[in-house]
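Structures given as structure tokens follow.
Across the two complexes that follow, chain A remains constant while its partner is chain B and subsequently chain C.
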Partner chain A sequence: MTNSTNNWIECLKKETGLEAKEGTASLQYVLDVDKQEAHQTLAYLKRAGFGQLSLLTCIDWIEQGTFQLIFILMHWELGHHLIVRALLDRENPEFTTITDIYPGAAYYEREVYEFFGVHFRGSAVYQKPLFLERWDDMPPLRKDFDPQAYSDGKFPKREHPHVFKANVVEVTE
Partner chain B sequence: MQVTTKNDRSLWEVIGDYFRANSIWMKWYCTGCGAIEMPPTMTSRFDMEQLGMGPMATPRQADVLLITGYLSTKTLRRVIYSYEQMQDPKYVVGFGSCTLNGGIYYDSYATINQLDQYLPVDLYIAGCMPRPEAIMNSFATLIEMIKKGEARGWKHYQENYDWYKANQMDSLGEVIIHDEFHE
Partner chain C sequence: MKEVKLFLGPQHPGMHGNYSVHMYVDGDMIKKARPTPGFLHRGFEKLMERRFWMGNLALIPRICVVEPDINEMVYAMGIEALADVDVPERAHWIRMIILELGRLAIHMMSIGGIGGPTGMYTATYWGIAQRDLILDLFEKITGARIYHMYIVPGGVRKDLPEGILEDLAKVLDQLEKNLPEYEELILRHPIIHTRIKDNILLPASVVWELGVTGIGMRSATGAKNDLRKVKPYARYDQVEFDVPTATYSDALTRMNLKYQEMHQSIRILRQVMEKMPPDGPVRTAFSPGSALRYTVPAGMVYTAVESSRGEYGYFIVSDGKEKPYRIAVRGASYAQGLLGIEKYLPGYRIDDASIWMDTMGVCSPEIDR
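Our next item is the complex of A and B:
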């Protein structure tokens, strides 16, 4: 059992030199890859049994100036989850589409483009709006987007005639 | 904005309102978390039917539209579609602080902050979320308002159509829905 469990980890190391680490949960593994080799690694992992892409999302590490793409893959026979992570340049976020590996990723790519502005080269549909209708500002899940200012400019607020203040009682000894 | 419509009902409208108030069909638009308080209100625990109210499947046959929580701009477009499909007289009830002033989503880029800018709200229920007791209480109030001819939001909407449309345009750009399912 142990042998077959760790099979893909060893094969991955032997064939690509990449090392998958244990994640925080049981049956969870983490793999950091370069942007350049992410595509071929994902193709390799799919052949190795990770047939399902559970999630593709993005994290904005604004202080490091990077975006991090997160792919969560699932191995149905072993029950393993594998988190594949790749860093992108925040100024010019570009990635190659993975719809040729996981066709269902088309919707995730549209979402990540809409909320973070990451371009997926090679996909014909990634710029099609998915959730936001008639969006007219920078991608809203970037950390430098100011939702309060956007909301103030767009949606009328109710005026509150009363300002409620806590009644602070000073305790003197 | 104040509701300015005069309460000049004809005799038939008075009679109509009296009977209408005792048989209300409601359409609840489950937009936010508040919708979870509807099942106990509708079923045996609080039993909305004791007030003569029942759920209705489509907006075209409903009298009351419940907005049960926050509305994103995307949902607001669909809600306006639903509201316009309803036949007069029609009443709108806003649920929870999200419809009143944005609630905890006051600074969201996606949700509106004040429902009565876009649709004529007859009654608000405060709370996050309002408990079934509060909902039942507000339904009783709504019935009284209909009987007395005080629930005049739909007339106000007709008379101030331009004002409502202008507000909808300001926040939404356009109400018409363009997405891959409508094209």
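Our next item is the complex of A and C:
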């Protein structure tokens, strides 16, 4: 398969049986993969020209009890963005690290662990704190995390509540 | 060998924003570097989930402080794609004016900004002064200098004020007249030139390893990987401009590309003034009802624009309600600002660390969010 042709969709279907669908925006495609086959699919896609991992993030579908990992890949020659999605069990979110395919994912994995609590097996560093300092609650981007309650419990109430009042100066002529 | 731990930042004249790097140095060689983000972490992604679609407009420009308009643009593009609304023709062109003026402003700041780490502060003053004239234009158009909240989903907030195109033409003429002077003072000046020539190299293999985009990518690979060309948004497909590239990326090359991009931005803006429709609507509602109760059809979309540092994108998920379900921000400097520092800052000297940050384009607010 050559990088300059537009047939990665067909090749992907022929070789892996997966079908990429058109996304909401133009030049954008969506591909749902199983957690087990995500790794090999990503490796295949990288060879097929998706050389750049633009974003790795996660969605918390709390009502369905799942996390959805999102890998956004970019094919610069065609200008295609591909959103690869994989569902994880919310109770026991585990995934294999993809830093061997996309080394740049190392910090994204740390971020997803910090904000969602997804474990990346095979990575030695994903549990190191990144943005949050001395965080002591559940990962904060999960939907059941309530910032208001956390803040109320963590910080003391103001002794003198702040009242914002305009200081009106009357002008007399 | 004796190692000393040094802190670069979070407050440092050579740092842009509150960002810290822990450097382990031997003599003045950096042996190990650990990026320490989080000083500007304000929890935007969580905050956005708790606000209305339109309410978020006040929030998003703050994600990248120096270049706020790209945030508004990707947010608007995402919502428009999900809601499937067409933006009025004139609004597209007005958006291009805002985006290119923003690019000029940040390039001016960044070209001048090299004066900080190299110790020639005149460059900084000149750059900031020139940028201020662009901010004046922003103030006339949007009412604000830094955070404009002007590009809204469905178009732009208001039409351009009267006479603004004449003002814009004046500012462009003046900028174009001054640019050679900046080149002479900043890019060719012995103090800066000697420090940044053949320094801070970025090979093409590193670009692909880290996922660097924008000027970093174009200066190393020679490919015209500019999102304005590769997948044009707004009306970038209807204007002519070149994408400057290079195949050897040192700090000077990257500064030179910025300088050349400014010429291209001026060229784009002149064409916009010529080609944009003289009047017409500038905004459509993307949902019926009151603006605070706007809803967006369920779905997910990733939108990206070319910022001064590379691909800047939002991944927007809607569940059809009044608030976003999830928004993830792809900061353009994430790649070089975290893994890049950890792997490729070691080997340079302490006094080059600030130049590294500056010319690689590390912007802390968009990394921390």
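Quick notes on this structure:
In this section, the second predicted complex is superposed on the first by the 149 of 173 C-alpha atoms of A that agree within 3 Å, B and C clash if a C-alpha of one lies under 4 Å from a C-alpha of the other, contacts with A are read in each partner's own complex, and residues count from 1 in each chain.
Just so we're on the same page, a residue touches a chain if its C-beta (ideal position, glycine included) is under 8 Å from a C-beta of that chain, and two chains touch if they have at least 3 such contacts.
Model, not experiment: these values are computed from the prediction.
Shared-chain residue A:P140: touches chain B and chain C both.
Look at A:A43: by the touch rule set out above, it reaches neither chain B nor chain C. Contacts of A:K157 after superposition: chain B is touched, whereas chain C is not reached.
Contacts of A:Y102 after superposition: chain C is touched, whereas chain B is not reached. Residue contacts after overlaying the shared chain place A:L132 against chain B and chain C alike. When the two complexes are overlaid, the chain among chain B and chain C that reaches more residues of chain A is C.
Within the superposed three-chain model, A:I72 lies in touch with chain C and out of touch with chain B [touch as defined at top]. Common to the chain B and chain C contact sets on chain A are residues 131-133, 140, 145, 147.
On the chain B side of its complex with chain A, the touching residues are 73-74, 77, 100-102, 106-114, 117, 167, 170-174, 177-180.
Within the complex formed with chain A, the chain C residues making contact are 37-38, 41, 43, 45-46, 50, 77-78, 81-82, 208-211, 213, 223, 225, 227, 230-231, 299-304, 311, 313, 315, 317, 325-326, 328, 330, 334-335, 338-339, 368. The touching residues of chain A, counted against chain B in their complex, run 128-129, 131-134, 136-137, 140, 145, 147-148, 150-151, 154-158, 160. Considering their complex, residues 23-28, 51-55, 57, 59-60, 70, 72, 74, 76, 79, 81, 83, 102-104, 106-108, 115, 130-133, 140-141, 145, 147 of chain A touch chain C.
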